[in-house]
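The letters A, B, C, D, E and F name the chains in turn, as written, and every chain counts its residues from 1.
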Amino acid sequence: MSIKKSPIIENLRKTQMIELLSKEKRLDGRSLIDFRPIIIKVGVIQKSNGSAEVSIGNTKVVAGVKVETGSPFPDTPDQGLLVVNAEFLPFSSALIEPGPPDEDAIEVSRVVDRGIRESQMIDLNALVIETGKLVYCVFVDISILNMDGNIFDAAFLSAVSALLTTTFERKTVKGDGNIEVQKCKLPTRCIPISISSITIGDSILIDPTEEEESVQDSRLTLTFNDEGYLCAGQKGGSMGISREQLFKIVELSKAKAEELRVLVKKVIENAQI
Amino acid sequence: MGKLIDENGIRLDGRRWDEIRPITIEIGVIKNADGSAYIEFGKNKIIAAVYGPREAHPKHLALPDKAIVRCRYHMAPFSTEERKSPQPSRREIEISLVLRRAMESAIFLEEYPRSIIDVFVEVLQSDGGSRCASITAVSAALADSGISMRDLVVGCAVGKIDGQIVLDLSDYEDKEGEGDMPVAYMPNLDKIVLLQFDGIFSEEEFKKAIDLAILGNKKVYEILKKALIEKYFSMVDEK
Amino acid sequence: MSIKKSPIIENLRKTQMIELLSKEKRLDGRSLIDFRPIIIKVGVIQKSNGSAEVSIGNTKVVAGVKVETGSPFPDTPDQGLLVVNAEFLPFSSALIEPGPPDEDAIEVSRVVDRGIRESQMIDLNALVIETGKLVYCVFVDISILNMDGNIFDAAFLSAVSALLTTTFERKTVKGDGNIEVQKCKLPTRCIPISISSITIGDSILIDPTEEEESVQDSRLTLTFNDEGYLCAGQKGGSMGISREQLFKIVELSKAKAEELRVLVKKVIENAQI
Amino acid sequence: MGKLIDENGIRLDGRRWDEIRPITIEIGVIKNADGSAYIEFGKNKIIAAVYGPREAHPKHLALPDKAIVRCRYHMAPFSTEERKSPQPSRREIEISLVLRRAMESAIFLEEYPRSIIDVFVEVLQSDGGSRCASITAVSAALADSGISMRDLVVGCAVGKIDGQIVLDLSDYEDKEGEGDMPVAYMPNLDKIVLLQFDGIFSEEEFKKAIDLAILGNKKVYEILKKALIEKYFSMVDEK
Amino acid sequence: MSIKKSPIIENLRKTQMIELLSKEKRLDGRSLIDFRPIIIKVGVIQKSNGSAEVSIGNTKVVAGVKVETGSPFPDTPDQGLLVVNAEFLPFSSALIEPGPPDEDAIEVSRVVDRGIRESQMIDLNALVIETGKLVYCVFVDISILNMDGNIFDAAFLSAVSALLTTTFERKTVKGDGNIEVQKCKLPTRCIPISISSITIGDSILIDPTEEEESVQDSRLTLTFNDEGYLCAGQKGGSMGISREQLFKIVELSKAKAEELRVLVKKVIENAQI
Amino acid sequence: MGKLIDENGIRLDGRRWDEIRPITIEIGVIKNADGSAYIEFGKNKIIAAVYGPREAHPKHLALPDKAIVRCRYHMAPFSTEERKSPQPSRREIEISLVLRRAMESAIFLEEYPRSIIDVFVEVLQSDGGSRCASITAVSAALADSGISMRDLVVGCAVGKIDGQIVLDLSDYEDKEGEGDMPVAYMPNLDKIVLLQFDGIFSEEEFKKAIDLAILGNKKVYEILKKALIEKYFSMVDEK
């Protein structure tokens, strides 16, 4: 994706990539269904209520959670709010110009939002201070620091890890009218995991690099809850996908999600919040 | 038993699990456009119109080897229960993006180097499944414009209500149900070109949903084909 | 206006148009003071409180009315609100690019707004729920679907027809404190009609097509109430108009307004709301 | 009897029905501009300034056979009773449009192909009739810049208060009266180049209003001519 | 700065300017530390609460003050608000295009704001109507009419002069519950003055023209309160400044500030508000 | 005695008047960028990254004789006590401007005609002195990118608390103190390239503050130099 590469070298790389794929191999030596090394650091931003920096290979993002108070939506007076916002920082790639969030950032925001919301990870009903009047708003802001493919999974992992380590000061009015302030964790119910893959011809590649994405036919991001149920999905890419490929991806992704959930659990346990 | 499906398997609007709502398609409704179509799909009322292929402007947008597609999905302020602000929402921007990708799958972009194809969708009244209805209208508008396509693209959602996988959710079923899955499909090439979902689906349910969506899409395809043929024959008749 | 026409053909058409005008004829065979066929369909958008689709020749617009509640302006605590907004949909012409409403859309909005407001068509004082606190807001949104000249009259007709067929749920607090909900019509007093014409040299043309507008000297939109009084006006075009031409247009337009009002009445009566 | 005109036919500010408010015009107030003028018209305080004809930028704006005119009418945040947001309102955008059209009537655009003429109006203090005062200032600024014009353009409103057609409404008369009609006029060519109105006018009242507006515009024209001549002579004297 | 000047003439002027500087002279005949003629007119906008038009040579600005009521910031419940906003009017220079305020206008706004705020010129605590609920908001809007260098000092002078002559209607709730309205002056404590200078090589020039600014090494704007203390400062220009030059500028500017303060005092006294 | 400095001259975070907070600098943290650096300065956590010199786009921005520098200083929504709106505030726009000017002092712009150098700063966590920490990070990123500079630029603020001039205010000292003065400095050329201040300083205090700021900047310079050398040696070691 870097504009510094010459097109000739890029074409050579592509040819090489396709050749390797026919042998079920990838340019960086991975098998088709392996993730690159994943590093998750939580608690990196002390001023936030929760935070996580996630690297998947050279892709790097950081997410910060802020818990503030606000008014609920009129049609859900008994629920707190969840707001997810992603930004591609202008230094994350040579091809990005400064400006308002474009359609790509909006897609990342909305796909992460749906995955968290539909898995019912956060118990929004437990975030009400006064029904219809005052609730907690959970802002998840994701800054994409360096782009090298599979932004969706990195963004999702960072959001989930940040939420799992979020603490906030909960205010409750006691019987005698006094207000009690208690530091507590965000009420979470599960650890949703998103797995993205691409298809190139008949091959399915989990966790694509940017180079691989540049020749993708289609992309698929699937989110799974703890029980292995699908709770959100989004197709990308500008070519169609067959029913058979789709079903194969679902099976593959479901297994990968289990692997990543184990990793996240380990990180959270070590964090000891 | 359930609140959305009764003991006889009948949904609130009288449909069975594998029935789609009534669809009417009219071709060529916008005189100035190069191609256009109007669809009613349940209570959805949607216009799609196409301009192009035309010269890319500004020129630096042009690609030397193929056409670029721009897509704007927009909802009229009066299209929803509550008045919608005319400014495009994040939802509208995302739908514009997934519609564009779906159409890129179908158009022979290489036939139109250095040009641009503008696809505009206006939702005059929205109901469940508006993005699926939109893509069917876009497909009709593209056919009307004479732009070369690999296949027609049609759209039809599936969903999960009262624990059951059913075809083509209405607005109310979408809101009260357990999951929604809009799917767009190229029937002759047998490829899925748009897929989004939220809700809770087991792997089995997911597979069942996809198969049902393909079935629904084939029904929509028959209706679209009929509308295009009627338009074609009526043009021949007029001669 | 289509960019697909060649300039040579356009010039030929113009020459032909001017020649015909000298014989008081027009390219489409109309007399100078005739409207093209007008079609008005009301109740086309069931989710709105009132709606109308209007075609004048190939010009086509749709208007939808939404009645919601809100705060009155501080300086008119005893009046409901009227908000008119027009948008040129990007497919309405080959020459429109997507973007925020430009000066043309703002002019249409404001001219329609003034015609409705100044004719006192809507009894805004009857739209108050609680003085100074809560009133009904009447939003009139006009989407221009296809442009072929005389957007102003099509937009005005659609707005007026939609308002005349608008119903909404009125809430009133009863003596016993209960709230009564009643479906009722919008309180209207008259049927204002706008008539637009252009001048080309000494000729006056009612209801111009886009082709005719492209060679206009000046444009005039006049709005009349039921008694034939002028209640709003707007000059367009980039050339001046003489006092004499102006007076002649007023006389002509006043007569045409009567004709159109009869048409609107018929449509509304048939609608049986 | 009426609330705005007393039994002797005198308006609240002491004027008769056919009198205009005091006007002063100063030419050349903005040093950097190619032409500029400052007008006080009643309590209106308005600066108009012109840049051009200058090369169109970006170039695709340019027309091969004539100049294009851009116009920005803007009100200072402190110009109104309540502070005005600095962002241009829909009203300011519409007035920019009608001022531009009025000036296009007067300028010999064909003399300046491929160029652009920028007209900027800043209302420092607003009163009734600000668009009419503005166009008079713009005319003065254009004359100051030396751009060729068919005729000067002047502006003066008429209105209806207490059932009577009167010249040049003040802010209060505009607000409390029954109708307002801003008119701009080219006195030598005898053409109306800007006309807007709201209120309730019978056909007779309308005609009377137009004739009175023309009368008022001729008065404004004399004042504008005098200001331009004074500027010209003082320049000669300075030599 | 005008785009009509030829580059050759501009280069000649620059050479001439540098030569003169070596003799401690300037193109317009001033000494290096003299201001151009300053004209301050107050009370020019009757509809504002306070206003001033200021010319420094050909640089001309006008400031208007509006005093309105609003909510205080949550963290300063016992303070009124001060909002400063500057706009470069599009006719102020041949090089300005219409559009939202750019970084230059924002810099002027913020430098003027800091100078007024940090000198504690306005007693914001005296602008509270009801603690935490309702306070007076002082809006200072600065319109730059004509640019010929040293916009900062002209803007600052206009803001200060406008504020010193501002009157507003203060409402107080009396013991008997009645509201008393009293016209009163804005509660001010001092007359801050900003002095801008530039360096060109070793020379320090007070009150630079636009021509001089176009060859500046660095710019410095310093604000002084009545006691000669520095209360705000901002470096501009794209070259560094030495400690020694900086200290020399502070001394020079402090003396000039005294001169300007005498001028402002005279204007305010004559204004007799 | 004072609330910010105790009787032993010790500040709330344990520092003496002339001590700076702990600083760590890491070079090359953003793989895609041409140069990048991460700084922790007290609780500040800031990334700076550089792209360029690269071709100016759009082309009309380019200057024939030198590079232009663009700078964006931005704060992450989670970087502050209260969540910050992602839209750039006026404060962020002003800091972008002063950072750009400071860097223009240092870069040999004439070596890169017709090109553009993009400097991006993202504040992940903010504390007192964030613009000074930022400029140090920018300097490191520019060094990492290999762009020619006259000198490194470093930044360190001074301020006045409890009536005393002290080095490098923390957030709390900035908020509760009497004055803050961010200064950026080129140590070898002995030039101040960024200077802003607010608060109340006598002429003597001002001079003392500047001298202390220069002292602080020299300390920061040593740390920056060390980080660059370490990076250089570790690269050599890796070979």
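Operating definition for what follows: contacts are C-beta pairs under 8 Å (C-beta built on N, C-alpha and C of every residue); 3 or more make two chains touch, one makes a residue touch a chain.
Note that the structure is predicted; figures quoted are calculated from it, not measured.
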Chains in simultaneous contact with subunit C and subunit D: none
Smallest count of steps, each to a touching chain, taking subunit B to subunit F: 2
From subunit C, the most remote chain by mean C-alpha position: F
Where subunit D and subunit F are represented by their mean Cα positions, the distance between them in whole Å: 52
Between subunit C and subunit A, distance of the C-alpha-averaged centres to the nearest whole Å: 49
Inter-centroid spacing, subunit F versus subunit A (mean Cα positions, whole Å): 32
For subunit D, residues that touch 2 or more chains besides their own: none
Contacts with two or more other chains, residues of subunit A listed in rising order: none
Overall pattern in which the protein chains touch one another (line/ring/star/complete/other): ring
Order in which chains appear around the ring, subunit D first, subunit E after it: D, E, F, A, B, C
Sites on subunit C touched by subunit D in the complex: 103, 106-107, 109-110, 114, 117-118, 220, 225, 228-243, 246-247, 250-251, 254
Contact set on subunit D toward subunit C in their complex: 90-91, 93-94, 96-98, 101, 104-105, 181, 186, 189-203, 206-207, 210-211, 214
List of subunit A residues in touch with subunit F within their complex: 1-3, 44-48, 51, 58, 60, 62, 64-66, 68, 85, 87, 89-94, 98, 101, 139, 141, 143, 145-148
Subunit A-facing residues of subunit F, complex: 30-33, 36, 43, 45, 47, 49, 51, 54, 72, 74, 76-83, 86, 118, 120, 122, 124-126
